[in-house]
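Next come two complexes built around chain A: one with chain B, the other with chain C.
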Partner chain A sequence: MSLNTDFMVKVAQTAIQGVPVTLQIVLVALVIAFPIGILFALIRIYRVKGLQRLVQFYVSLVRGTPIIAQILIVYSAFPSLLNMIIGRAAFAINPIYYAYIVFTLNAIATLTEVFRSALQTVDKGQMEAGLMVGMQPRQTFWRIILPQALISALPNIANTTLYLIKNSSLAFIMSVKDITAIAKTEAAFNYNFLEAYLVVWVYYLIICYAAEVVFYLLERYFSKYRRPIKKTSGFNWLPFGIKQPKLERKQS
Partner chain B sequence: MLTIEGLKKSYAGNDILKGISIDVNKGDVISIIGPSGSGKTTLLRTMTTLEEADGGHLTFAGVDKDFEKLTGKEVNTIRRNVGFVFQNYNLFNNKTALQNITEGLIVARKVKKSEAEKIALKALERVGLTDRKNHYPSQLSGGQQQRVGIARAIALNPEVIFFDEPTSALDPELVGEVLKVMQDLASSGTTMVVVTHQMSFARDVSNRVIFMADGHIVEQGAPKAIFEKPSEQRTKKFLTDILANV
Partner chain C sequence: MENIKLIINFLGQLLPAINITLIVSVSSIILGSLLGLLLAAARLSESVVLRVLASVYVSVVRATPAIIMIFVVYYGMPMLFNDWFHTNIDGWNRMYFVIIALTVLFSAPVSEIMRSAYESIAKGQMEAGLMVGMTPFQTLYRIILPQAFVVALPNFANSVINLLKEGALTFTIGVVDMVAKAQMIVANNSGGYAWQTYCALALIYWVISLAIDKGVSQVEKSYQAKRKTIAV
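Then we have the complex of A and B:
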């Protein structure tokens, strides 16, 4: 068996058009889910009557079902619903909107839990200190609690993002033309499935690695206040490196 | 200046404070001592509205009301007129030493930033930490953090500063620097209410000592009287126990 490298180059060239689509899905989902996740986390932490149950139910619902089932349900339910409201035009909607819906709903549930645990890691003494210098609870939340919580949430937000990137490949089911869908189509024309899938593999690897680097830099930048004097472990720049980066110790 | 009468507080059916009355006059340095679980910390927290009291009356900063009837506005007034130094410092972790002090001034008092920084630097100078102004709490020792905590309280120029066991979380060799700052404050006429296990501070710095046990004030008076001639058996026992360990 030999790989058809010419074909791989060709697939790589066409599938690259799917990269923006994949990134779009991820970014839209993150940007919308971010504030809603914080809000839902607060509802859960402060046990807001009525709403708390709803949020909890929602989170369990999303976390307890496979994403593929969610995609199938949204993709069959929404068009028919819309069909009843706006008629035939419903079927002309770009399917990427359905992808936005599914992945946003998904990210909301994940981020709710991420923010809930992050907010709970902030010591309640921080709020008390805020009150005792005369700040309102709301001011203390925005200026003291939330910034600290977001920073401790960063590793988990990175995780959520990576899952989103990878899960977005399922959007091909809704005939969204992302990386996976384009490669699959190419492969089906030429029966070179392995080659096409290898290309897909590499693309996701590159995107995920880039996301990891971005989050690492964000974390390093924002958690400067948490670093005593010695450096924390660095980022493993080699994706397949077995050697872990050394801890640098600076004396002061 | 600050008077509370019959302050009561209970948690889940346990009475922690069983009717406490205290009078704080301007310039007072009051030490509250007593065995653990006697309600000292709870007393401080309810007096400063960090926790809701179940009963009692408060007269302070123009507020003259029962604790349960305090409105949000009155709670703000009270908080605005007290300073609080926490046992575990509770500095804002995401702010530098200087920002820790300016935060309350800028956000709550609406002081201009440049003005606030001037006040904060002066406060840092009083606790001897001007050179640490740009350090984050995680980069300071416990003693330094607590001194920033004290600077944060005095910068707001409150009527009275409450100290909740300010040296209990510190390594023994760091206790001295914090006590020294507190001593300086006391001698400059700052009104202070201090919950402490540092008997030397209670005896040498404060002008009144309150001995608490089981949610009651057992005895109070001048430090000399309390330490040398306690009239209550409980006070006597507590002092012999604690002084035996020094």
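Then we have the complex of A and C:
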């Protein structure tokens, strides 16, 4: 293999400017989609009349169509729509806002499903116990149900985040200057596409693994309450002895 | 009203290009499932090297965006073949590159699904099969697989839909599939009726994924019905 290593170093230096853009898209999408996803999940669970059908339709539509089609629709429909409202200024809008729209819509759909399954994992008894001790239904939801549901949703939220990070690489179609777009323009000068994409690949791997580590730590921190207080070593050092190994007792 | 008419019109123009999408998806589903099977077998094998290799492969592929995978395969494979085998594959149909990339992308989740389905079947089933005198292969084929299949089916369908959506990126390396066709139509209309065209495109994909969803839930239902009758 004859890779142009000098060029790879150069691309690595320039493409790093795209990392914040990618992260920005992912974070904005997640932050906006989070509360809406919970709301939609509640609509699905409590079967709110009329709205339930709408949410179901929306989720199946977004999950059943490729992101590229959504990007093309939003990128072709919104500018002309805005043009009718605010005039020519619509074409001067930073395309990153369109990326926000597309990925937020996507994140809402996936997070709705995630929260729906997570809220269903919480036992009904939790709600009843909360009501029993005299809490309002709303209070019980906020203080008892939601925290537990969020913890069991964490692995799936991590998956959603990975999915968003990976798909944010398509933002270059909307001429957003993210990692992929920068590498692509760099490579187009003298057809060093392979080198550029290898660099981008490494960047995405790093970002994805970092996100996975963050979520792993979050999960470990928040699921503390589930772990037994008793510390078991997991391995019996005295397999043939009559005495069982002493288990350390640790305070919380 | 006029928009709906336009969308139906564009649907008619886009549908002929569907066979490229289907060829790409179906062949990468078949190849990807085979590769996934091998990977799952590697993950479950005794050898530490195989297990580590398979899990590294899965975690790397899982973190790779589809478009980067397609580009790396498209630009990287000809170079690799040139240097290692001294053959020129630049002239290959570009569809092959997409199929290879999607196969790699599909194999990772599928191997995970197969592994978890296999592990979800109680060990006693295997032991019982061996007990009554079946060979290990027979037990796997007749006892374990039918049960694991039902467990794996919903997740497998989910990955198939994901693959279908990732397959929409075929156009980025110049294969004329539905997305490329849609872009051509928009270009022919000099940028007009853009969102109607893309809506028609999205509609086709949506119908395909709805069909997969429905089909899978039908199959699942029939399996569950069978299970019940046996249990009674």
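Everything below uses one rule, namely that the second predicted complex is superposed on the first by the 227 of 252 C-alpha atoms of A that agree within 3 Å, B and C clash if a C-alpha of one lies under 4 Å from a C-alpha of the other, contacts with A are read in each partner's own complex, and residues count from 1 in each chain.
Everything that follows uses one rule, which is that a contact is a pair of C-beta atoms (placed from the backbone, for glycine too) under 8 Å apart; a residue touches a chain by one contact, two chains touch by 3 or more.
Bear in mind that the values here come from a model prediction, so they are computed numbers and not experimental data.
Superposition of the two complexes onto chain A shows chain B and chain C fitting side by side, with no clash.
Once the two complexes are laid over each other on the shared chain, residue contacts for A:Met135 go to chain B alone; chain C is not touched.
Once the two complexes are overlaid on the shared chain, A:Val200 sits against chain C while remaining clear of chain B. Between chain B and chain C, the partner in contact with more residues of chain A is C. By the touch criterion defined above, A:Tyr225 reaches chain B but does not reach chain C.
Of the two partner chains placed by superposition, only chain B is touched by A:Gln148; chain C is not. After overlaying the two complexes on the shared chain, residue contacts for A:Asp123 are found with chain B alone; chain C is out of touch.
Applying the stated contact rule after C-alpha superposition, one finds that A:Leu61 touches chain C and leaves chain B untouched.
In the composite built from the two structures, the nearest CA pair linking chain B and chain C is 23 Å apart. Chain A meets chain B in the complex at residues 123, 125-126, 128-136, 139, 143-144, 147-148, 151, 224-229. Of all residues in chain C, those touching chain A in their complex are 60, 62-68, 71-72, 75-76, 79-80, 83, 161, 164-169, 179, 182-183, 186, 194-195, 198-199, 201-202, 205-206, 208-210, 213. On chain A, the positions that touch chain C within their shared complex are 1-2, 60-61, 63-70, 72-73, 76-77, 80, 162, 165-167, 169-170, 180, 193-194, 197-198, 200-201, 204-205, 208-209, 212. Chain contact summary for the complex, chain B toward chain A: residues 48, 50, 76, 79-80, 82-84, 86, 88, 90-96, 103-104, 107-109, 136-139, 152-153, 156.
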